[in-house]
Amino acid sequence: GFVKIDHHRKRRQGFPEIVFGEGKTAEQILTIVQSLRTRNDSVLVTRISRDKAVFVQKECSDFEYNEIARTLAWVREKPKSVDSYIAIVCAGTSDLSVAEEAAVTAETLGIPVRRIYDVGVAGLHRLLDNIDEIRGATVSVCVAGMEGALPSVLGGLVTNPIIAVPTSIGYGANFNGLSALLSMLNSCASGVSVVNIDNGFGAAYNAAIIYKLVHKGGQL
Amino acid sequence: GFVKIDHHRKRRQGFPEIVFGEGKTAEQILTIVQSLRTRNDSVLVTRISRDKAVFVQKECSDFEYNEIARTLAWVREKPKSVDSYIAIVCAGTSDLSVAEEAAVTAETLGIPVRRIYDVGVAGLHRLLDNIDEIRGATVSVCVAGMEGALPSVLGGLVTNPIIAVPTSIGYGANFNGLSALLSMLNSCASGVSVVNIDNGFGAAYNAAIIYKLVHKGGQL
Amino acid sequence: GFVKIDHHRKRRQGFPEIVFGEGKTAEQILTIVQSLRTRNDSVLVTRISRDKAVFVQKECSDFEYNEIARTLAWVREKPKSVDSYIAIVCAGTSDLSVAEEAAVTAETLGIPVRRIYDVGVAGLHRLLDNIDEIRGATVSVCVAGMEGALPSVLGGLVTNPIIAVPTSIGYGANFNGLSALLSMLNSCASGVSVVNIDNGFGAAYNAAIIYKLVHKGGQL
Amino acid sequence: GFVKIDHHRKRRQGFPEIVFGEGKTAEQILTIVQSLRTRNDSVLVTRISRDKAVFVQKECSDFEYNEIARTLAWVREKPKSVDSYIAIVCAGTSDLSVAEEAAVTAETLGIPVRRIYDVGVAGLHRLLDNIDEIRGATVSVCVAGMEGALPSVLGGLVTNPIIAVPTSIGYGANFNGLSALLSMLNSCASGVSVVNIDNGFGAAYNAAIIYKLVHKGGQL
Amino acid sequence: GFVKIDHHRKRRQGFPEIVFGEGKTAEQILTIVQSLRTRNDSVLVTRISRDKAVFVQKECSDFEYNEIARTLAWVREKPKSVDSYIAIVCAGTSDLSVAEEAAVTAETLGIPVRRIYDVGVAGLHRLLDNIDEIRGATVSVCVAGMEGALPSVLGGLVTNPIIAVPTSIGYGANFNGLSALLSMLNSCASGVSVVNIDNGFGAAYNAAIIYKLVHKGGQL
Amino acid sequence: GFVKIDHHRKRRQGFPEIVFGEGKTAEQILTIVQSLRTRNDSVLVTRISRDKAVFVQKECSDFEYNEIARTLAWVREKPKSVDSYIAIVCAGTSDLSVAEEAAVTAETLGIPVRRIYDVGVAGLHRLLDNIDEIRGATVSVCVAGMEGALPSVLGGLVTNPIIAVPTSIGYGANFNGLSALLSMLNSCASGVSVVNIDNGFGAAYNAAIIYKLVHKGGQL
Amino acid sequence: GFVKIDHHRKRRQGFPEIVFGEGKTAEQILTIVQSLRTRNDSVLVTRISRDKAVFVQKECSDFEYNEIARTLAWVREKPKSVDSYIAIVCAGTSDLSVAEEAAVTAETLGIPVRRIYDVGVAGLHRLLDNIDEIRGATVSVCVAGMEGALPSVLGGLVTNPIIAVPTSIGYGANFNGLSALLSMLNSCASGVSVVNIDNGFGAAYNAAIIYKLVHKGGQL
Amino acid sequence: GFVKIDHHRKRRQGFPEIVFGEGKTAEQILTIVQSLRTRNDSVLVTRISRDKAVFVQKECSDFEYNEIARTLAWVREKPKSVDSYIAIVCAGTSDLSVAEEAAVTAETLGIPVRRIYDVGVAGLHRLLDNIDEIRGATVSVCVAGMEGALPSVLGGLVTNPIIAVPTSIGYGANFNGLSALLSMLNSCASGVSVVNIDNGFGAAYNAAIIYKLVHKGGQL
């Protein structure tokens, strides 16, 4: 076969394998997805176009497509509502796509999320108005493009870990996200670590590991 | 001669020529400085080492050396105190050298300044505690290294123009100030324009032009 | 809602919020625009395609689309003609799109502009022929691509502030505007500050703040 | 004063302020350190040279200088030994300085660490021989220079979070750590987030926050 | 003519000229291909689209098009099966296109290959399960994108030479293959040399020269 | 021997070999220089420190050291004065070192030069005052650092060829001469070609070839 | 008007203005072209698509479109054949487009050219077979992509000036021509100067100025 | 201990471990060296300063220091002279240090080498005069700085593999070896693979593996 599906992954890594849709055909995705759903409680495909999603949904009608996040997801059972959560914070409306990829990823992994969107630093009151909800999160995913200043400001306001995601939103000297990436790596606030440009999935995965560690006393 | 001093500059540009000390010998600087002081009301040398400054001061004992800013300055007459001013805002103690270069430049050009230092965004309360003084300024110079987020936050809080100066302070993915430079160019706040990395002089010069325009009704 | 419109912005910043059209749907833009026009005296959308503009104009027939600038603008009342103005200077015909974005932005903010186009440094006489008009401006926006030399030459000829805008016009070692951007940041002329590549809007906004400060004695 | 010490930081952030020694004089560091020790249970200075450390130790003889890490540290009381720990993993002997900065930082923050050094991927058996100890850690700090491949391999072998630190170790196309930085950001392993080049301090700080969250049930 | 076909190449270089299809018209390729087949025992066109290949196949019906590798190839006689071989190793399914270009190139040059695909370092067991087959190869071509860590790990496990090929697979801080390229150039494993990003052809050509040298006692 | 001196070079290239002093010991330079002077009418060493020059001068007392250009030169006979010349134009006093390297190179090759220094574009009148002398040159070498705008302006004012030399003079976003290099490569003026950063020698060599072609009717 | 045509250019620069077609509409080009032809003996448009050329040709039927060069050209009178010429040398068939732009430019400026194509350094005999024709040229334009090594080899073989043109031909670590550009700037051969990536026009223009100087004894 | 010496390496990799001297103290090197010599037939330290070498030689008087290569080497027995060899080819005298590191490395690994130095492409005859000796080598190491064109030219002239080493020799747009590195990666000659900038050791190691494979029929 063209791919070796990693069925032991859940045991080894605590979460089932997640499918990276880009560069795979609709047929390949369908094959993988059908194999995964028989042995796991959730299945997630990221970076999948509407066309391919529709193709898969013909066979897997209970899979949900998220237009903005470009994800196709299925969970056997909705997680029960709990008090603790991951905060998904984003700076501008243009960052929504990456923020939603993070949100859907966390939810599919069974973690409750709260969305705090459009709170960029150029209108500080929007962030300050929502700071208590972010402080209440076990861990935050913080998404920003352009100058990527949000994690620095947030890092000074909250105690818990922040996973920063630079986005490629912007133009000119933004250089496809380089500007936000460098900002976040150089953040003078402590408690901030960084993932790849536009990698909403990776940030949520990191946040999910931390969340599970905290709320299960160190056992994944 | 090795250099043509531009004595018409004050008439043409509104301010006398300012000497860039780097790469000039102490003797060259002395010659230029003596020529300038006879026809102007102030003289400023930037990026000059203590050694060279001491050499010049032997002949020009009323010139003042600023250790942190690395400037040598002389003004015929202290400006009378007035209500309006330029704010020199800086993020961290490591940015002091650039901030002071800006402050001394403005003062030598006859403009009152107020210093608001060490108010970086990772400890937001420090900025908010001083925001009224910055709002009161005709124009602000905003100096920051590392992720260079301060102008973005400030730009959302004040109405008047902000001249942003990225500094080369930082390490690793800071790439000698590139990180702060890109942040400032991509600022999502309006009212922010940018000068070269570590160019405190240039920022103050821009701010001084604006200040003079405003407080003399359009006449420099 | 997908976006929080910032209706206090005019009070806080002196100018109403301006809509960044890129990445928004025609429907989203229409919603925002209708909300803004009820509470402001002007509305501006930048980086909007003809298609989306036409969609909005169906409901808002008094909005004007500028093909070159790619802006959609509406002002309640034309500004009365006055003597003072902002100069929009550009180097070549390829820079027109950015220069027009600047011009429309300033006009929508209620500031008179004069356009001095196609005066690049490789044909110096064109610039010198127009230098008096540029000298008469309160502040200039100076737009140039390729080697971006115009602000340096202009900076030596005029006293008032210059906001330089590098454009992405060029090819090869231009690297999408990097060449012009670096030139402008390294300008050896004083009185020049810089905004992001192709950011005609930002330059005009900066110029507008300065203009208002000057012509209203420090009150925005 | 030249600096505003942030005494509320421990309350706000869960850990006391840590002093960045680079660019501060020995006298400045001494002043800060004496002020901090009266109100905290530990004090840490990073990036401090032996000379400056010796100067401080004259007044603060119970402060310990770590030659490799270039840290000066003091803790009121040694932490009681516990079963859980942070793993500090590093690829080669040249990465020791950054790894030790991380180790000392964590220890000063009161967190037990285990050092697993010189286990780079070009001699895989060294890593596999130590994998159980790394798997036992609540969270790992993973330090590597040159091609920075270690976090990717480790990420596939362990479940808990990994904070990756690229180092500037290498030459030629290493470009001062860029090579390792890009590797880590592009890691195809999940559960890896990244901090700035050579930022052992930042990685340990992130790991410490996570450790405290996990072992105190969500309360810092 | 628009091109001078190098018919002495086989004598000079040991292998016939291989046609680089990109930027050539279908007609040009056909002309070259027909000229080459009369004097050689194999013909290979790389980077050729399906459309152009179909056009050539109308005249040359025994030419085979490989969809994934985007190659068009013809060999007079299949090579006899032998025990020795080149290993083509690749990290992920997205690298398949480059790996197949390498495989087809080697096969067309008359060298037996074995494909070991989808053995990236984030799931180390997949590599270890196949290590004996790779160790058995005279020389390996090792293809990887994203962080490009595979050659470093492989280099520590095998004795024979490894030709590493970075691919442009990835996104964000991958910068079109720069990340994998730098990783491979900085590999701390010995026995690894590198070719251009996505250059499967070049890697296979290098491997083929080595293979022929080894199995013919130094005579090509 | 450690080096093969190219004694046929004058016949092949029209000019004798010129010695690149950097990275050679004083002894090596002396050996080469003594060998060259026996068969040529001039000898030139570039990028040589005062110390090494003094060492060579002990044996070769008629060699002249130029402190600013860092050249050591000897000509058998001064060239007779003629009307035609190369213009060496430079923007600022900091570019003097590169300009002098160019001037000494041309002179040693037997070409008359005229120096037009300190005529950067930020004070345009200085250039315009000297334009007739530059127009009179057969070919110009144009040296500039920082934003490197001078060749663009000059290119629009003169007809004859311009060899542009970017210098590494500047700081911050100058990136060691990258800014001036890109400016010159993107010059919108025709008639400008470019050599490496700080390569005064190369520019003068190019100019000398052109000069000789012109004034000897095509025969070198 | 949208553009100020520079009719004095021929007098000032020795050659008439040449039209850069990119980014202009067919209508704009037609207007300019008709204006230019009345006052000049030749007209040249570069970087013009077939579509726009056909549009112009409807009015200007004696204009010739060159498909490969993407130029539209007209000369009042063919130049008389002479013995001297410019050599246009190129490395591979993929560089043809840039080489032809250079050739057409020179021809339209009235300079005889000889084309020596497909003589890249990887098959050195092709270059050596043609070296006498290149040595016979007054000046050479040397076009190469990928590693851009041709000017270095050529520079060691010929005496007269070489204008090197890097092309964007290549892939991967070619970075759109950066690789060839850097090679040419760092050429260890003397007598080589460089123009922008893909700038066949600029190279030919430089060569034409030199040619005219040489063959008219210093008078353009 | 501070380091785990890899004594099984010779069995696993075919060659004993080689010590990277940079960043190790003289004492550390001595310890490692004494441990290695008891179990191997040769010992090599690269990148070691004269001072440290002298320290080691006090205990190990039969170790030889190579000033140019900066290596310290010992072999139990000189290799018997044989007909086959590795060619170490280099472009200029400034590349000698890297070439010698390669030569000493190969010799210490027991492989005969021939040095063909100072044969850069700008004086082609020097290369052509030596081409037969290079053609006779089993494999060549090809070292070049500046534009790094030598491997491209060589690759077209020889059949056997070439390991190319870019050096950091040059200045300006050389960017510390980037220029030569990109040239070599983009070489249009087949049979060329590349190692890190200045990595003479790595190139020789690769060449040594190939040499051993060829001359021992596939057994290391």
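When the chains are written out, they are named A, B, C, D, E, F, G and H in that same order, and each has its own residue count from 1.
The definition used in the following text is that contacts are C-beta pairs under 8 Å (C-beta built on N, C-alpha and C of every residue); 3 or more make two chains touch, one makes a residue touch a chain.
What you see is a predicted model; the values in this text were computed from it and never measured.
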Pick out the pair in C-G, D-E or E-H whose interface repeats that of A-C, meaning over half of the contact pairs match by residue number.
C-G
Averaging only over C-alpha atoms, locate the centres of chain C and chain F and give their separation in whole Å.
43
When the C-alpha atoms of chain B and chain F are each averaged to a single point, how far apart are the two points in Å?
36
Rounded to the nearest Å, the gap separating the Cα centres of chain B and chain G is 47
Touching at least 2 other chains, the residues of chain F are 123, 172-174, 178, 181, 185-186, 190, 196-197
Pairwise chain contacts under the document criterion
A-B, A-C, A-D, A-E, B-C, B-D, B-F, C-F, C-G, D-E, D-H, E-G, E-H, F-G, F-H, G-H
In their complex, what parts of chain B are in touch with chain C?
12-15, 18, 84, 138-139, 159-161, 163, 181, 185-186, 190-197, 202-203, 205-206, 209-210, 213-215, 217-218, 220
Which residues, counting only chain G, touch chain C once they are in their complex?
2-4, 6, 9, 22-24, 166, 168, 176-178, 181, 196-199
Interface residues, chain A side, partner chain C - complex
93-94, 96, 118, 123, 126, 169, 171-174
Interfacial residue positions of chain H with respect to chain G in the complex:
91-92, 120-124, 146-149, 152-153, 155-157, 170, 172-175, 178-180, 182-190
